[in-house]
Every structure is written in C-alpha cells, then in structure tokens.
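Lettered A, B, C and D in written order, each chain numbered from 1.
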Amino acid sequence: MSTSASPVAAAQVIRPRGPSAFRRFARHRLAALSLVLILSLTLACIIVPPLLPFSDTEIDIMQRFAGPFTGPHLLGTDPLGRDTLARLLMAGRISLSVGFSAMAISMVIGIAVGLYAGFYGGRIGAILMRFVDAMLCFPSIFLLLAISAFLQPSVGSIIMLIAATSWMEVARLVEAQIRALRARDFAVAARAIGANDRRVMFRELLPNAVAPIVVAATLNVAHAILAESYISFLGYGIQPPTPSWGNMLENAQSYLTSAPWLAIIPGAAITLAVTGFNFIGDGLRDALDPRQEAR
Amino acid sequence: MGHGVRWLERKGDPSMNDHSTDRILAAPALRRRALLALGAGAGLAAAAPGFAPSAKAQPAQGMRKGQVVVGLSQEPTAFNPLMPGIEVDETIWMNVFDTLWYPMPDGSLVPSLATEVPSTGNGGISADGLRWRVKLRPGVTWHDGTAFTAEDVKYTLELIVAPGFKSRTRLGHALVRDIEVLGPHEIAWRMESAFAPYLAFLSNTYIVPKHLLAAASDPNTAPFNGAPVGTGAFRWDRRVPGDHIQLAANEKYFGKGPFLERAILKYVPDMTALYAQFRTGQVDAIIGTGIPANFVAEAEKLPGKRISKVSSGSLEVLMPNLGQPALSDKAVRQALYAGINKKGIIDVIFYGLHKPTESFAPQESWVYNADLPAHRFDLAAANAMLDKAGWARGANGLRAKDGVPLAFDISTTTGNALREQSQQLLLQDWSKMGVAAKVNNMPAAVIWGEFYVRSKFQTLLVGTGFRSGIDPDPSNRFASNAIPVKGGSGGNYMQWENAEADRIMVEAQATFDTARRKALYLRLQEIVRDELPILPIYQYVTAEGTKSNLMGYAPNINARQNTWNMREWYWA
Amino acid sequence: MEDGTVLDVRNFSVNFGILPAVRDVSFTLRPGETLALVGESGSGKSVTSLGILKLTPPVPFCRIEGQALLRTRKGAVVDLVQASAEEMRGLRGREAAMIFQEPMTSLNPVHPVGAQVGEALRFHQGLSKRAALAQAAELLDLVGIPDARRRLGAFPHELSGGMRQRVMIALALACEPVLLIADEPTTALDVTIQAQILELLQRLQQKTRMAVLFITHNLGVVAEIADRVMVMYAGRVVEQAPVRRLFHAPLMPYTRGLLRSVPRPDFSGAEQPPLEAIPGSVPDPLAPPPGCSFSPRCGHFSPGLCDSVAPPLTHAEPGHLVRCARWADVAGAA
Amino acid sequence: MSGYVVRRLGQSLVLLLMVSMIGFAILHLAPGGPLSQFAAGGDMTQEDLDRIAKELGLDRPLPVQYVEWLWRMLQGDWGRSYRDQQPVLQIIGSHIGATLELMLTSTLVAMMIGAWVGILGAIRRYSIFDSLATIGAMVALSIPTFWFGLVVIYVFSVGLEWLPAGNRYTIGDESLLDRLHHLIGPCMVLALVSTAVWSRYMRSSMLDVINQDYIRTARSKGLPERRILLNHAVRNALLPMITITGLHLPALLSGALVTETVFTWPGMGRLFLDSISYRDYPVVMGILVFTSVMVLAGSLIADLLYSVADPRMGAPG
C-alpha cells in the first residue's frame, strides 16, 4: 500500500477523480492556447484572403519591397510587389493542406503496415518491420532529398514525398501497440466468440491504440509542415507561383539585408504553426494517457 | 555544339551565364590566314578598357607577393583537363596546365607551349589543311621537374582518342592521324580531313604529362587526376574538398609571372554568401557567376572594390518547342514576344544589369545585326495579332484555335529565384492576352537531360549560346538536320525548320569570303527575328568583382573563365 | 516532553494542498519500544511516518503541522516539524532512520551496496571512503549477510530480496539512530524471510535500545513485534492500545472489523472465528462523510450521533484510546 | 554479450542491404542523370556522352548495376565519384571531419545546456523557469533549422558583425581561435534542436528518477541535497540519455546537412546536396550507406554503452 508519497502521487491525489480527457486537455493551458491559435490561423487562411484588397499573385512592380506597416500593404511586399499578407495566408492554405494531407496519407500507410505486421506478424510482418527499420536508418533530410530528385515538384508530389518519409514511426508505434493488445484479454475474448480477423483488428484492437495514434498524427502535421519548408529551402519544393510558407523562404537569404521581413514573416508563421501542433500533441498525450504526464 | 547552359542554378544567381566554348566569339588573329576566314571584328571582343595590366606597375619577373582568394559558386572537382568537367573546372586547368596557344581578349591566338601558332602562312599547316607541324617551346618543365617534350603532346592527343579513356570530347581530335615526334620540341600529324576549327579546339586542349599518366595502370583513375601536375604558372598545392583548392606559384614558369605566391579557389555554394564574403574581404575576387544582380548597385559603392560588368556570349531566351501545336504558329510566337516585358524583367528583376537584344548573336560579334526591328512591349498589339491569327477568346477568356488551347508550360531549373520572378512576370502579362501558361520547373539534372535534348519541354527559359565555338555559325542550333528528336544531330531542340535558313547556313559554312558570310548571317538574323524560333530576352552581363588593389585582372570574353591570366595578377 | 521518551508527536497533521492526509495524530515512543501503526491503504500511516522525517514533498505540495519532538542521543530535544532543511539533514540517518517496503527500488541500482551503506557514515561521521567501507562491511555482517566484505561491491540487483532488505537495515542503522521508522519493511518479502527480518530487527533493537515506529497492515506482524498498536483510519488515529489489549478487547468497530477480516495469530485453529470483510470502501478524502469517517461502513452506526460530529479520541482506559461515540456500547456488545 | 553483438551486427547488415537497395532504386529511377551536367555544358557531343555513359556502365540494366555495385562494395570498393574520379570513401573521409566537428561540438553544447535545463526544470517543476524551459524547448523543436540559421546570420553576422557568416575558417589563418570563431554560429544553430531534445528528455528522465524510492532512501540518510541530486539522481537520469543520444543521431545528421548549407560549411551535407544535384551516384550511394552505418553503429554503441553504464544490464537482449 501507500508507501509513495512522492510528488507525482501527491499530484495524482490532488487531482479530482476521473476528469475527462477533454478536461485534462483543456487544463494543459499551452495546448488549449495552441489549439485556439491553429484554429484561428486555419480560419484566417480560409476566410481572409478574399477579403484582402490584394491577391497573392498580383504583381505590382512599382510596389516591390514595400516594408511592413508602411503603406497599403500591411506586411509589405515581395520582390515582385506582391502583397506579403495575401501570400502568407494563401501559403498557409498550401502549407496546412500539405501538413494535413501528408499526415493523413502517412497515417494510412503507417497504420496499415503496423496493423498487418502487428496482427499477423510472421515473415511478411518481419520483412515489413525490417523495411521500416531500414527507412528509419536514413536521416530524414537525406531521404527527402534523394526522393525529391525523383519527383517533379508540385503540391501533390510534395505531399506524397513527405508522407512517404514519415509513415515509419507510425507503423512502428501501431505495430507495437497491436502486438501488445493482441495478447490482451479482450482480444482473446473477441476471438473466442468467433469474431473474424478484420473485426478484431478494427473493432477491438485499433480503437484501443487510438490514443498514441492521435498524438502521432498531430506531431506528424508539425513534422510535415517543417519538412515542406526544408525541401523548399533546399530548392526542391513547391514551385511558384503557388506560395507556401517554405517557398516564401526559398530566396530569403539574398534579401536578408535589404528586406528582412521577407525572411522573418514566413519563418515566424512556420514556427508558430509547428509549435502549435507540437503543443497540441503534447496536450493530447497528457490528456489521453495520464501516465505519461511527466514527459 | 555551343549550346551551353549553366548547369546548376544557385540561389540569387543573377545571370545564367555560361562560359563555354561559345564565349570565343571571334578569332581575328586568324583572319589573314585565309584558313578559317573568320574575318573582321578585331577588338569587338575586347574587354572593358582600363583593366589591362599596366606594364609599369607590374612587378619584375620572379617577384612574388601574397595570395589571392577567388570565390566560385561551384566547386571545381575535375582536375584532369582531358576528362569530363564543367566550366568552373577550367579555373584549375588554365592555371595548372598550358595549351599550345590561347586566345586573347581581342581574339588573337598567342603561342604558349608552342613557339608559334601554325598557319598556312608560316608553314605550320599545309595548304590543303591536312598536314600540321608544331614547334614546341624548349626549356619547359613539368611541376615535378621533368622536361616537357613533344612526347607529351603526342601522348595527350593519343590519350584523348584512346579507347576506354573517359575523355571529355573527341570532336576534331578523332581526325588526327600519324602523330610523329620530329624532335624533342617538334611534332607533326596528319588530319583525316581538313578541319579548320581544330586550331581553336587546340587552344582549349591542355597538354598532360606522359611520364605520369602513361605510368598509371588506368589513366581514368591515376593519382594524377586528384593532384594534377602541369606546366602552368601555378602548381597544385592542396585541396580541401568542398571548400577550396590551393595553388602555389610555379617558380619555374616559362612565361610572365606568376606574381602571387598562392592562388586559392574558394567554393562558396551560395551566391549571396559568396557576395557577403567578398564584401567582408574574405574573398578577393568573384568571377564566373559573379555578384547577384540585386547586390550590384550596393557592390559598386563598396570602398576598395572594383566591379566589372563583363559581357557574356550567352543569351537568355524563351525557347518554344515548335512541336507543340500552338507554339508552331508564328503569329503566336510573335504575339508572345510582344507580350514580354523585357524592360520589366531586365530593369526590375535584374536591376538593369543585362543588355536587351534582338539577335541570337552577341552584340560584340562581327556578324551582329544591329538593325533588327526593335522589340516593343505592347499587349494591345499582341492581342490584335492573336485575334488576327484566329486565336479567339473562349468563355473563360482563354484563347484557342481549332480546338487547340493556347496553353503551355514554362520550365526552367528549380531554385533560381530571379528566373522564377521572370516567369511570374511573363505569366501575368500573357494571362492578359488570354494565354494560359503555367510554371513547370525541375531540377537541373532532370531538365537538361531527356527533357531538353529530346524536346519534351513546351517552353524553356534558358541561358545559352548560338554559335559553333569559335565561329558565328549557328547551324547546330537552327539547322533542320540538327533536331535530335527527328533523328538529327545537334541542338535544334526548338525543332525549327526553315528552308531559307538552312540554305544560308550551308552556304555560310562553305564560303571563305568574310563579307559574304557576314551578309548571310545578317540575313539569317533577320529571319530568326521574324520567325522567332527563339524569343531573345537579353544578353548576359556578369558583374565580376575584385579588390581595387588587385591588379592585372582582365576580363577576356574569349576565355572560359576570367582567371585565364591569373599569372599576371599582382597586389598593388 | 516527558523524560524517557524518544519521540513525542503532538497534533500532527499532514496536508496535500487542500487534502488532509493525516489529521491530529499524537503519540509517544520510548527507547526500546516498538509502536505499530496499522491501517488500510490510504489511511495515512505511511504519510505519518514520512511526515515525521519530512520526507513528504516540499511545502507548496505538502504542509505539516503540529509537533514531532525528537530527543537526540545527546539529550537535546528537536521539533522536527520546525526544524530547518539543514537541521533535518543532520538528524536523518544519524538520529532517526528509515527503512522502506521495497528493498529493490529503495536501493540505488547504479551504486554498489557497500557505498550506499557507507554513505551516511561518511556524511554524518566524517569517515573516509575506506573507513566507511570497512564499517559498512561490519554492518552487513551484523545484519547477517554472509561474506559481507565480498558483498560490498555487489549491486542491489545481484542480491535476493531478503538480502536487500538486510542491506536496507544496515544502511538505516549505520549511525545507530535513536529512532527507526520501518515502513512496511517485510511486506514485499516471502513469509520465511519476513520472520528472519523481524527477528533481526528485534535483535538489533534489543542491542541498540532504539525506538521503532513500525508501519504495517499485517496484524500478524504486529502481534509478533509491537509493544503498542495504533490504528489509523482516513487520516486519523482511531484506536491506540497495548498490543495484547487491542487484540483482545478492541473498542473501535473498525479495529474489530480489521481483526475479524484476517486470521487471528493469537487464536489456534479451532478457536478461529470465520473471516469477515468490512463492507464498503475507504471514503473519498475530499468528500469525507459527516461525523465519524467510518460511519458509512459501521455496523454500530447510530443516525444522528455518528453522522453529526466527528468523535474525539477518548481514554477508554489508561493507555487505551479510542475514537468512537459508541465505544461503550461496542464494548458491551462484544 | 558477444552473441548479442553478433546478432545485432547481423541485423544491421540486413538493414544495410535494404538501405542500399532502396537508395539505389530511388537514385537510378530518378529522371536525369550524371551526364546532364556535361550535356548542359555544351562542348561534348552526343557521341561523347553516350560513350561515357557506356564507360560508366549506365547503359546496363539496373539490377546488374546494383549487383555489381554491391559486389564491389563487399570487397571494400565504394566506387569513384563521377565528378572528381576520387574513391568515394576518400571523398567522404575528406568531408566527414567538418561534419563531425560540427556534430560533436553541438552535441557537447546541447548536453551541457540541455542537461542542466532539464535537471533544473525537473527539480523546480512547475516553476517559472520550468515553464519557460518547456515552452522554449518546444519552440526550438519547431523552428526550421535553416531559418534559425538565417536569423543567426542576420543578427550576429550582418547586424552585430560578431560572427563570420560562413566557412570553417579563414583561409591562411586556420588557428584554433579562428576555427572556434567560425564554429560558434553553426554550432549554435545545430545545437538548438539537440538542446531542446536533451532538456526535454533529461527533465522527464529526472522526474522519473527523483520520484524513485532510492532518492527517498538517500534523503532518509540525511545526505546533502547536492549529493542526492548529483550522485543519486543525475547519475541515474543520465542512463536513458545514452539511448536518446543514439536515437537522435539521424536527426542530428539531418540538422547538420541543413546547417552546413546555411553556413557554407564544407561537410557531408554540402557534399550530399552537390552530389544529388549532379547525380553523382557513387558518392550519393556512399553517403547513404555511410550515414546508415553511422546510425546503426550509433544505436549499437549506445546500447553497449548503456549496458556498461547500467549495472543492471548484464547482457541486453
């Protein structure tokens, strides 16, 4: 019995009994704040661009390199006189879509591979997991660059590229969860009453592994947004005129002295969005798995 | 040949300048030889005046002081001058090795390892052009002390065509037969057929040491290739891969100089970073890709720095693929041309650095036609042309004719911001003409592969040249038998076919009458300006920078890199 | 503080935030005496023991009130509740030591046991590393570890559970403390080992005359080792009596329930009454029932009496304290 | 123990084989090729290009090329660069120093700062310092490395002119001081993420440890707090960090690549980027295999170190 009166035990004692996951999440103040931030950012990207007096692709050479807060262009203009704010928000649409789509695809691949390998195991499962290990051997940027050489850069191909290089962690996670859960009582019980494999997999096992998957999904969005910016910075990213947060930064280096806002604004947007997703992931982890609270 | 495009585009690169063979615009020194009949135009290719080393200030022979750090935005990696390399590798070759002769800024050839440039006049070349005899300079030694002899030249010429050796090109060299060493310093050979450009080719053929390469089991992998030994003004010192190459003065150099103790060729992969290092003085000179256009004005105000705007032989063109139905219509090309805001591109995006042009020939060329109709940016006129040609606007405002939409991709290498900006400008203006153009950029290694040479592009924004090395002849780019995708051999990737142009080019190749050639090429320029198989935008100008007290730097439009005379550089 | 007592705890309370874990506990301990502290999980017995040595979390998380007077070997009396962190450091290990339930986790896995046993000696007695090790070997020998000198370099995981607990005891007794707090020291051990450890503790106690506060939920162990017993429920002491008295005449219904729920070590097989579990569960510490905290589970519950005011701790007899409004009735019913 | 190592090595070899296959396939299936650079240069004819492609063996079927590459690889011949004809291992060798210098120094910085931030955060849990450190670490993990590099250059090189904007040393100087001066910027940038990783894991590990019973035991012995933390808590909390450092290696390599690009640092990252864009297959393959070996060796060494450092781990696995 109660030997431990450690801070954690104490904190757990203080905590009211049985708060819902949502309440635990909401209490994670930074996560809640981040959720608000991401939602407003997403909404702004969807709603605001049509309301702006400038479009993201409208070139106005006479207005090039206007500084922020100095004229009609709230956040200034780029080397072609395009409105930075309009571009930032349109780029947000692209970058967030890339983030979510890449996450979705990588989750599908990762869950499929993880489910299969975790549930059936066997030789194919082992080969799949070794493949996962092999892919994880490459430092991610090396893999991204090697594959980007293979693709014609477009929004779709960048999404595929990022998804193709970020499903492995998910696969590993799901595989481990499923393998552990498979042996547990309810799975055995479900099988004992004659449920077929698919039913056991999708109705019994997967829902029980959902917490870490949700966390991984959130973190994957952050990862994808970052990855997009890296690829763009290294010159293999989404091609203009389509703006993305990453390709807005592509040439930032040469304007660092003359027009630093061109580098600072999109970089700050990326940092803000990625931080947001990371905090949400953190909050979700705490909310869905209180034992992990310390991390 | 002669369609060099810059390989890798660096971020902030202002000018997709290339310094390949096509920089050799003319070789007037040959004009009296009645051999190549390159004709008039002496001095056309001269460098901007005032930078030639002044004889007075030049140090005495044997005086050496200091080092120079030359910044390059690409890394020299190929050191065997006979093996495949890119333009930046020449910075090493031209300083470590020597050629038999080399071109001066005014186009004349100056003997180097040879004692004179052979000609029919001096008996070096037989009247039929088949027998060549070259006298070599005595007393020249390789950096390792071994004497340079005719055997080395023989070995070099043989190695180039040796089976299994990865030589860069055998063009011209493959015609050489029966190489004969007449003495330690005299060599002769026979040509399979008369090939006049070979004189020019040899001005870019570096002689390699037989005693080192022949001793290696495989010249492809000889240690020599990683630590070259030449006869040049500088000898190989050391290389820090990915960073710099250090050359040391060759005290026993047979020619003038060197006046520097060391020359360091420093690789700075980013042009903005390279410029920053030039500004802070870490780099003494930027040559090659030069200073990014957006920094040129600032650079010109830097104290203690000198900026030279150096004309290049290449042009920035929009290259249409005439295999595309819409683009095969001359009216469309003319309308597109009228819809190019050249002034906007040059003045705004490139800060006025480059020179607008109408011709495929560089303005310094002796065949340049200055009287071509001037381009006018006029969207109304462009729209009228399209209307007249039957390209009607559809409900969405986009034009089509006979079910063919006026739509195409513009491609260029990824990661080149200024070119991307040019693309944006083109797209915006053309969209006002009902043209649906979109960007489809790809990495250099992809775009210059099959996509380019098998004419898979729709339109390309490309910096390239339209001559045959030393000669203004552009038949490689414009002749109808130079379309690779139609079985031809050459660089007519636009797939342009024009009977009159073909006729002109054949005649101009055959005649030795300079005046006649010039007349023919003037006419060809008119045809090309009218037909627009290429839409010329501007001729490249590179802003190279040096410290003001670095003397001797002299841009040479005929040299592949402006380190061509580094042996004569010195610190004031 | 009475002469002849080692520890005098008065009105001792421990609060975690707004949550009272231990309320108003008072007791004394004399040299050589063993007081057993008994209760269910969550009754506050461990918190009491940790609280006395202030091994509970620091102030913002945990507040301690009341007094815990300790008479040191030299006769000085220190109130542990008021003592500074620095003073506590000087007292712990030297005057008052503690052994814990889990000998595996309570020993640092990355240090050899010799160093861990000797560590307190080095800090309290200023011994050199060598001297401390030599003394640690003697201590290990004392607690019955065979070939003690060789075991000095052993890591905890290399020892059996019983050996580990012996190491813990050696570690606690290194500086010959006047007070030993043993927090369920035998719970994690096999029954045979339990007996050995208890025997060892008793032997050592006789030798050093230290006072022992023995926390356990095992009444069998209590019968074995304790002089007096104190029963805790929901953070409060509900009954305190000499061990025989408590076993034979328990007054608090909870104590009675407790005794009925386990086999009686003091009865032989034939006399053994049938076992009964106490119905219900421990109250939520944040929402305690009104009145007596045991009232919802109590068989002697009297509406209006038990659920109105919390009953005080009353002297039923000299040395026998009970917290029950109906203790007299309960005693009668028995 | 040795059995375990042998088994791990065997697994690693299988992984390497897969890595090389994946890498080879990706590279060679990519459009464009090593000869594009020469085609673009314009002074080589199509015949020249075809001849060289043949000599490089690029005209043969992919599986044949792979098997041949693998066969040579197994014999220790990593091939030669298409660009400078040098043996691949020699090329990697001449770039790895710069990268290792960067990785090691930034790891040291990250360890020192990150570990202390984590330890302090765990000890003063929920303090203002802890909250700031948590937020800081999260932001650090979210900043694009290259962008942070640009900001560092903008502030410290362009603005304050304290640091050089790039390079590993001043040519001709190359003194230790000069090298350190050049190292500060890139090290700061690369260390950012590692520091964040270290502080977060260290905090978490430390929290685990300070709630352990043996820490309470140490307290009950009356040890000074400092000794409890250093000798009992930190020592144990550092153990999992060995594994974390091993696991962080791929991310560190990625970070190094990006940092090298921003600071024109002549290391493996720069080499990789150039080799990719020139389609210098042997070098790219060499780097992929080399980094994979590094990653695998890193995790194996981490595991072995762990088993040495933690007396509980007689023989893992």
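One rule holds for everything that comes next: contacts are C-beta pairs under 8 Å (C-beta built on N, C-alpha and C of every residue); 3 or more make two chains touch, one makes a residue touch a chain.
Remember, predicted model here, so these are calculated numbers, not experimental data.
Distance between Cα centroids is largest for the pairing of subunit D with C. Relative to the centroid of every protein C-alpha atom shown, the closest chain centre, again from C-alpha atoms, is found for D. A comparison of the A-D and A-B interfaces places the larger number of contacting C-beta pairs at A-D. Averaged Cα coordinates give subunit A a centre that lies 22 Å from the centre of subunit D. Averaged C-alpha coordinates put the centre of subunit B at 92 Å from the centre of subunit C. For this pair, subunit A with subunit C, the centres built from the Cα atoms lie 52 Å apart.
Subunit A and subunit B, compared by their mean Cα positions, are separated by 47 Å. Multi-chain contact residues of subunit B, defined as those touching 2 or more other chains: 270, 273, 443, 445-446.
Among all residues of subunit A, those that touch two or more other chains are 3, 6-7, 149, 234, 253, 256.
Among all residues of subunit C, those that touch two or more other chains are 50, 55, 100, 102.
By the touch criterion stated above, subunit A contacts subunit B in their complex at residues 57-59, 61, 64, 79-80, 149, 152-153, 234-236, 239-241, 250-251, 253-256, 258. Residues 11-12, 270-273, 292, 294-295, 344, 348-349, 414-415, 417, 420-421, 423-425, 427-428, 439-443, 445-446 of subunit B touch subunit A in their complex. By the touch criterion given at the top, residues 3-4, 6-9, 30, 130-131, 133-142, 145-147, 149-150, 222, 226, 229-230, 233-234, 249, 252-253, 256-257, 260, 263-264, 267, 270-271, 274-275, 278-279, 282, 294-295 of subunit A touch subunit D in their complex.
Those residues of subunit D whose C-beta lies close enough to touch subunit C in the complex are 212-214, 216-225, 227, 231-232, 235-236, 239, 309-312. On the side of subunit D, the complex with subunit A involves touching residues 14-16, 18-19, 22-23, 26-27, 29-32, 125, 134-135, 138-139, 141-147, 150-151, 153-154, 158, 200, 204, 207-208, 210-211, 213, 216, 250-254, 257-258, 261-262, 272-273, 276-277, 279, 284, 287-288, 291-292, 295-296.
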